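Which chain is which? They are A, B, C and D, in the order written, and residues in each are numbered from 1.
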Amino acid sequence: MAALTNRRQLRIEWGQCDPAGIVFYPQYLMIFDSCTGHLFARIGHSALEMREKFGIIGMPLVEAGARFLLPCRFDDEITVESGVEEWGRSSFTVRHRIIKGDKLAVEGFEKRVWAGADPAKPGAIKPQKIPAEIIAALSAD
Amino acid sequence: MAALTNRRQLRIEWGQCDPAGIVFYPQYLMIFDSCTGHLFARIGHSALEMREKFGIIGMPLVEAGARFLLPCRFDDEITVESGVEEWGRSSFTVRHRIIKGDKLAVEGFEKRVWAGADPAKPGAIKPQKIPAEIIAALSAD
Amino acid sequence: MAALTNRRQLRIEWGQCDPAGIVFYPQYLMIFDSCTGHLFARIGHSALEMREKFGIIGMPLVEAGARFLLPCRFDDEITVESGVEEWGRSSFTVRHRIIKGDKLAVEGFEKRVWAGADPAKPGAIKPQKIPAEIIAALSAD
Amino acid sequence: MAALTNRRQLRIEWGQCDPAGIVFYPQYLMIFDSCTGHLFARIGHSALEMREKFGIIGMPLVEAGARFLLPCRFDDEITVESGVEEWGRSSFTVRHRIIKGDKLAVEGFEKRVWAGADPAKPGAIKPQKIPAEIIAALSAD
C-alpha cells in the first residue's frame, strides 16, 4: 500500500544556517515537524481540527532520526517529500526526504504516537488506536 | 530606587550564529527571555512557582526592543545584566545589557504584563496588580 | 514617497509556540528577518544575488523592536506586510505589520545597515551608500 | 576503552517548550550540539581553538537520532551526559543521555566527520584522520 506523499517547496532561510554557511542540523527536524503538519492538512485535517475531531491531544515523538547527505545553504530551494511509511496500532512513522536540485540532501523519519489524554492520570497521555480513516487517507496516492 | 541586577555568564553557541558568523539577532531576544526567568529565580521564584504562588498565568510581552552595538560571535563569552527599571501597576520593564569584554554589545528591554486568567473570558488574560513583595525584592540591590 | 509593501501569508507553526499556546515572542523577529528577505526578493534580488551584485556582505541590524497587540496561536493564519519606511544614507528601516483576521496583532521594525567589507580592517564591516536603484525599487508602490 | 563522559546540568527554558508544555523535540538536538561543544571544551579545546589547532573547518553531521522516553517540561532540571562511543578513521559518534531525576528521558547520538577544507575543491570539505591525541583525551575516564 503506497503512501500518500506531500511535497513542499521551501527556501532555506538565513536564520536556519550556521557560521559554516549550511543549515544547522536541528533545523531539519523543525522542517520535518512542520511538514508532518502539512501532510495531515493535505488530507483535510488541520492540526487543531484533528485534535478536536479525534479526541487526541497530539502526536508526540517516540523516535526521530536523519542522515545528512548534502549540505543545504542559505537561499537554496528544496523540496520536502513526506509520507507515512509504517503504521502500528497507535504509532506511525513519517518519512521525510529533502531534495536539492535532483539530489537527495537529507532523509529522516519521525516515529509518533496517536495520543489522547489518559483518563486515569491527569496530565498524562495514553496511546490510542489510529482511526482507519486516517490510515486510509494517508495511504491512497 | 535601584534595580536588583542579575548577572549571567554565557557563551555564544554555534547554533545561535548565522552565516556571517555573528549571532542571529532574534537569538538575543531568546537570551533576554531566559535572563528574565533567571532574574525572578534570583529572588526565589522559579517561573513555575511564581505562577502558582501569585495566581498568574504568565508575563506576556507588550513590547520589546534591542540595539545592536557590537557583534557577538561563536564562543564569545558574554555577561548579561538584567534588572527591572520601570514598574507600572500591572506592567514592568526589564532592561538587559549584554557585555562582551568590557564593552556594551547589545542593550534591550522587555515590557511585560503581570497577567492572570480573565474570570469573565475563558482563555483570555487579565492584567493584575503586581504584588508589592515582588517589586520590593527586585528593587533592593 | 510610498513604500512598496510585500505581503506574505503564513501559518503559525507548532514549534513557534510556547506552553501558553501563543507565539514565543522572539519567533516574531525571526518572521521579520525572513520577510525582509522576501521584500528584497520581490524586487528581483535574492539575498545572495544582492550580496554579489552590490558588493555588500549583508544588512546587519542596528536596532529592532516590536509591539505585541494580540496573541497569535498555533495554526493561525497571518499576513505579514513589510516595507521600507525610512531611508538613511547607509541605513534603512523596514516596518513589519502582522495581521490576524482584520486586526493588527504585531507591529515592529528592523533598522539595518547596507554593509560591505571594510578594506582597512579584515573581518570588519563598513557601511556603504545604499544604491539609488534599490531605494527606487522599494519606493514604487 | 571507556569514554570520557561530560555532565552538564541544564534547566529547560520556556522557549524550548511547545503548546503541549513539553520540549519541542528539535530542541533536544540543539542541546546535543551544544553538549558536544562542551565535551571538547572539557579536554581543553574550545570549538574555535580546535578548528585552528588541527586545521579543521568543523565537525559536520552525517547522521543523528534520538529516542524520547519521558517528556521534559519547562523548568525541569536535567543532566546531559555526553561521550564519544565510536571512533572511525575520520568519523566519530557522540552519545548523549538526558536524565531527569533518576530516569532516562532522552537518548541520542550524533555521527560527525572530522573535516578540513578540500584543497582540490574550494568551498568543499574533506574528511581527515582524527588526531590520536583527540581520541586519547576523549577515551580516558
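Following the convention adopted for this analysis, a residue touches a chain if its C-beta (ideal position, glycine included) is under 8 Å from a C-beta of that chain, and two chains touch if they have at least 3 such contacts.
Keep in mind it's a predicted model, so treat the numbers as computed, not measured.
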Neighbour overlap between chain A and chain B returns C, D
Max Cα-centre separation from chain A goes to chain B
Here the gap between chain B and chain D, centre to centre from mean Cα coordinates and rounded to Å, is 28
Between chain C and chain D, the Cα-mean centres are separated in Å by 33
Chain B to chain C, mean C-alpha position gap in Å, rounds to 24
Chain A touches at least 2 other chains through residues 14-15, 20, 24, 26, 30, 33, 74
Per the touch rule, the chain D residues reaching chain B in their complex are 13-15, 30, 33-34, 37, 46-48, 74-75
As the complex stands, chain D meets chain C at residues 14-15, 17-21, 24, 26, 73-74
The chain A residues in contact with chain D across the complex are 20, 22, 24-27, 29-30, 33, 57-58, 60-68, 71
